[in-house]
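One chain, chain A, links the two complexes that follow: it is found with chain B in the first and with chain C in the second.
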Partner chain A sequence: MSGAPALAPAVSSAVPRQHAWADQNAKYVFLLPAVLYLLLLGIFPLIFSVYLVFSSWQSGSGITFVGLDNIRRLMVDVRFQDAVTRTLAYVALTAGLELAIGLLIALALQFATIGKSALRLALALPMLLPPIAISFAWKLLFDYNKGPVNYALDAIGLPRVTWLSGQTSALVSLVVVDIWQWTPFIALATLAALESLPTEIYEAALVDGAGLRAVLRDITLPLLTPYLVAIVLLRAVDAFKVFDTVYVLTGGGPGTATELLSFYAYAAGFRTFNMGFTATVAWATAILMTLVFLLYLRAFRRIEEA
Partner chain B sequence: MPTTRNRLVVGIIYFVLGIWALFTLLPIYWIAVTSIKSAKAVQGARPTFIPWVDFTPTFDAFRSIFGTGGGYGVSGLGNLAMLARNSFVAAFCSALLAVILGSMAAYALTRFRYRRWRNNDIAFWIVAQRMFPPVALIVPFYILFNRLNLLDHLSTLIIVYTAGNLPLVVWLLRDYFADLPVEIEEAALVDGASRFGAFFRIALPLALPGLVIAFLFAFVFAWNEFLFALTLTLDKAKTLPLQLAGNISVQGTRYWDIAAQGLIVMLPPLLIALFLGRYLIRGLTMGAVK
Partner chain C sequence: MTRSGTNEERIAHITAEAKRKMISRRAVLKGGAGAGAAALVGGHRGFTAASVQAQEKPRFDGVTLKVFAPTGPTISGPIKFHAPQFQQEYGATVETVEVPNADLFTRAQQAAQSGGGDFDILLLANTWMPDFVNLNYAVPLQPFVDRDAENPLLAWDDIPEGIKRKDSWAGQIYTYIIDNDNQTMFYRKDILGDPKYQEAYKTATGKDLPNPPQTLTEFVDVARFFSPNGGGAGWSDQGEGYGFITCVLRGQQSYWYSYPWTAPYSVVPTDKAPAQGIYIFDPDMNPLINTEGYVRGLTEFVDVIKTAMRPGLDADRNAVEYDIIGGLALMSLDWGDTGPLSVSDQSVVKGKLGFSLSPGVTEYFDWQTKTWVTMPEGQIHRTPTHAYNGWSYYITSQAKNPDAAWEWIKWHGSPQISAVDVATPESGYQPWRTSHSTNLQPWLDAGWDENDAKAYIQTILDATNHPNAVIDPRIPGAARYQDTLELYTNRAIAGETTPQEAMDQCVKDFNAITDELGRDKQVKAYRAHLGM
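Right after this comes the complex of A and B.
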């Protein structure tokens, strides 16, 4: 044991030296794995898919350069144009309705006292359950012959609806499922925003004798608007990408009546094995999405300036 | 001041919330109740709603899934053990990898200053990865993994799901690490601990609840994923949602069977949701408010 005191200082100075390199570069050693991973699996495939826009790919022959063929085909593709219109309508409808209902629920939740946390939890469930399973649940509910929705319509004397096989009604059904699944996102995010607003302003206004409606209109909503702009944007980004519910509930049908862009991109390429064309549709979707959101943000900047 | 006016407001509030709660639970109830119906109860003249009241419940659908009393070929969940294993391994491994890579990156973003790219820009770049439509990635992934002979391999799903979940994990954990006091780590560094020592022995244990939450979120999203499973797997690496989607189109109107299968696929996310409780909301609305 006599050697121990002499060894101790040597060890403690040697340990930092061993780690010296890693420690000096810790900044990069910690961050780079994640960044490189995302570059490799996020950015690199995207660049590769730009190349695919100008190519065709077959399992046997590999990639052949085809120039502008895919883009030319896209330009005259009526199915694509329909999918664009339909997707824009879908995004506008879902985001708009979800904002209206979500805001209502958020305000109700804010004033609720009993069962608030249980309600929040129940509300959040649809976002976390497997889309394939819940789509099937909706398929049962919407069933023309045996579904409870049509049964309820019968009971109150309204005509049955072909929920999943009508030209318009099938798209409406997808919108309903989207509202069911994602309104809670807007409600809960808005609630979080509401709870972060300073309470002093409310108290002051209520002390001054302002009515509940006036407080909502003149204080809450203006303060909330910047949050709502961001929340709706996040929701719309996801609505653009909807795929699972379309796949299970309608398969894009009847005919092509519910082919939204993601589904069309998949169906156009994967079912006919024209991968270059899928890449083209996917990129067109991404560009369209970016354009829409730039316009959206610009519109709001203008409103805020005015 | 319980005035009539106030009572009216409270009434409206609970009416709105009650309606929405019922609407939310309706599909979940319906899939659960359908799973214990017999063929007769599903195909009868009018829909049946409540077990023991307007139909007699049966566990035949579950029996067919778990192998006893089944016997209609490809139906049921087919190879349930394999599908469940695939789904579990893909979700578990990708969530674990995402938490390992993500916690390091989140720690770095809250403890170091990056001058050239700025911390906020790096964080935004990481989150922005989630914005791009996944359908844009299915073709390059298909071709690349095909070339690597990795199509229909579980490792492919693990690799892809890790990338998909990494942004969420970084975002959640960045908040978490930012809220931890740095003093303890600084004291340890002064005492001669390395940066890695400070990370593994001090920051990570303190952040453990956050790591668990991030892991569970990543697990659920990987468990639920469909598009990549559909395009990158076929048979050996098939996951539960993929089989379920296939059964929905193949088995047609054997609703009770598919409902039971759907319920099984729903069960792990449902349990995790209940376990996460209030943390659930924070994770799901991440980034929207902050």
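Right after this comes the complex of A and C.
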């Protein structure tokens, strides 16, 4: 008991110091889980995938450094070049058509006076469904011998189409499925953008006697363009990475007719456990996407400036 | 046993343990297994539950065995079906971890490379064996087999040499096949035996209608005759019938369906070759897929798809089975699953299907001399193909209790239990034991006619034990070669390239893979596969 009073001042001075230290550093402690999470699940896989680009990691053996072998192999791979061309065509077709149709739907919906909410909900349904389930449904629809689509063609006297096994029609089928599922996204996003446009300009235009076409051409579209650029960019990024529908509907076939980049990475590397090459394709895809979209944004900026 | 140490150390420990227990186990078996062993000597007819119960039955209470298996009822279903009984008799719980078929190899490799997953047993393709052996992930089963050679559950003498050959690699047993994958012919014996069609065929071609076709040439002629543009059109009472059905979708095992077409023309009979079943590669790993023989087979395959198969080029593996049992296709060259399906509720062809070895050829291309060899008059060169080789059990070096894992494998593959699996339409396993042909009760219980069952089983076993049987190559990177061959086969089927161009390009890719993986290493592995 006798020592207690002597200790009291020391304790009282140490406590504020500890508090100060805790106050100063607590933020790091609180940040630590997030940093660890980021390092483990974000940064480490990223660095590891870069390491794999320069490595061979095959079935039955460990990881060995191979320098630029994977990159060299990719550069001369005709299948990869074809997949790039095909993917660009697919992205241009889907994003372009979805933009056109989506814009029309959004403009039509803007004028809807009754049931607008129900229409929005109905429109959103396709994109709420999992792509894998949609793909299986379309596989049945497109079946050459028993599918309802060919049945309908029969009924109106048109020849059947090899939807999933023709050299061109298979890619067209994938585009159709994409349009069906993702046009609503563009329509709803565009509708939201339309509804956010300032009404004063329209009122002024009406007072000045502008017609519907002039309003659309000179007011709506120019005001909408920045939104559309962002919406199309989002859609195109997604279309670039399409995998589920290819996997289920065509398996990349017939031959390589529907082998898009993501599927190519899966088929040429992942499925056979050639992980170094898979990582190389993945990075090549990421770099390619970045380049394409930089060019896209630059082109848009030029148009805007002009 | 703990899971510490390298895979190599774990395998050494497991092997030593198995050998150590061999002596004591044999001493018990000598006394207890007399009845079972005697039964086996007599053609396995006397195998009974009592003889099994006479054996030492170890208990593994509290042990959980994790089995890595493909998704779906046909392959992993039998495991789930039998697991409760095993738990009752042996105490161990058997759990399946299911993975989609297309990703099976990658996921299994990930587990093998990382040691993750904690799988005790894998149920995988036999063709991938070297990729798991080389990682010291697949434990040699040889010590277990040696230990239990006289055990009636293992019934080693009941397993045909053709199966043992597939279970072995580089002189050791590494896998335990519970499904016999080989390709045979399924045909409508009622239609081919119908006098009306026999007469029409004779009138149209001047030849007798073969029942069944013996050569690929006959097969093509018959298939075309029974397609909508042929004289036998309208044979199906289920809709528009075609003479042939095969799988053509990429990623759906379509290249395996080309084996029965390319092998007969390109595989040299065993007595005239350095080893049995040299196919796809010569013993020095030089590809044989662009030889005249292989390309001729592939060309005929592509042609028959165009001329005698339902249009649309969208038939997958299920379509092959269901067009046959649905009465829409006359013939197929397929794995045996169609047999049990033909007695299922969905079948309209019960009792109407015939079973036979795949057709042969009257001339084949000898890759050694680069000449065509004509078979003597009346002789047909057949090369039954073992695509995939069969679903096989592997014990992993991660197994906590290898003895329990082996006990499950042995029990599940025992004559009594396996007899149920191979007969039922619910399973995708084909007969692989000799006793499957004598123990017919499970077949009768599953709804088979006795003679049909006998014909079906005998055909499968004949393909297994055939002197020219071709086993799917077991080499490191087999999945890469398979995927590449599938791509180019599919390009030929789709008409993107000619069969010759497709195979020439495939040869380049094959050689690139071989060089990348190390030619010497690959040659050594391939020769181990061939038993050279």
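Rule of thumb we're sticking to: the second predicted complex is superposed on the first by the 264 of 306 C-alpha atoms of A that agree within 3 Å, B and C clash if a C-alpha of one lies under 4 Å from a C-alpha of the other, contacts with A are read in each partner's own complex, and residues count from 1 in each chain.
Note that in this section contacts are C-beta pairs under 8 Å (C-beta built on N, C-alpha and C of every residue); 3 or more make two chains touch, one makes a residue touch a chain.
Because the structure is predicted, anything quoted here is derived from the model rather than measured.
Once chain A of one complex is fitted onto chain A of the other, the partner contacts of A:S173 are absent, as it touches neither chain B nor chain C.
After overlaying the two complexes on the shared chain, residue contacts for A:T245 are found with neither chain B nor chain C. Legend: residue contacts after superposition of the two complexes on their common chain; A:G42 is shown touching chain B, with no touch to chain C. Once the two complexes are laid over each other on the shared chain, residue contacts for A:T272 go to chain C alone; chain B is not touched.
In the superposed model, A:K27 makes contact with chain B only, not with chain C.
When chain B and chain C are set side by side, the one touching more residues of chain A is B. Touch criterion not met for A:T94: it reaches neither chain B nor chain C. Once the two complexes are overlaid on the shared chain, A:F111 sits against chain B while remaining clear of chain C. Taken together, the two structures place residues 57, 59, 143, 247, 251, 270 of chain A in contact with chain B in one case and with chain C in the other.
Residues 102-103, 105-106, 109-110, 113, 128, 130-132, 134-135, 248-252, 310-314, 476-477, 479-480, 482-483, 487, 490-491, 493-497, 516-517 of chain C are the ones touching chain A in the complex. Those residues of chain A that touch chain B in the shared complex are 12, 15-16, 19, 22-23, 26-27, 30-31, 33-35, 37-38, 41-42, 45-46, 48-49, 52, 57, 59, 63, 101, 104-105, 108-109, 111-112, 117, 119-134, 136-141, 143, 146-148, 151, 180, 183-185, 188-189, 192-193, 196, 212, 227, 230-231, 234, 237, 240-241, 243-244, 247-248, 251, 261-262, 265-266, 269-270, 275-276, 278-279, 282-283, 285-286, 289. Contacts from chain A toward chain C in the complex involve residues 56-62, 143-145, 160, 162, 164-165, 167, 247, 250-257, 267, 270-274. On the chain B side of its complex with chain A, the touching residues are 9-10, 12-14, 16-17, 20-21, 23-28, 30-31, 34, 42-43, 46-47, 49, 101-102, 104-105, 107-109, 112, 114, 122, 126, 129, 131-144, 146, 159-160, 162-163, 166-167, 170, 192, 194-197, 199, 220, 223-224, 226-227, 230-231, 240-241, 244-245, 248-249, 255, 258-259, 262-263, 265-266, 269-270, 272-274, 277-278, 280-281, 284-285, 287-289.
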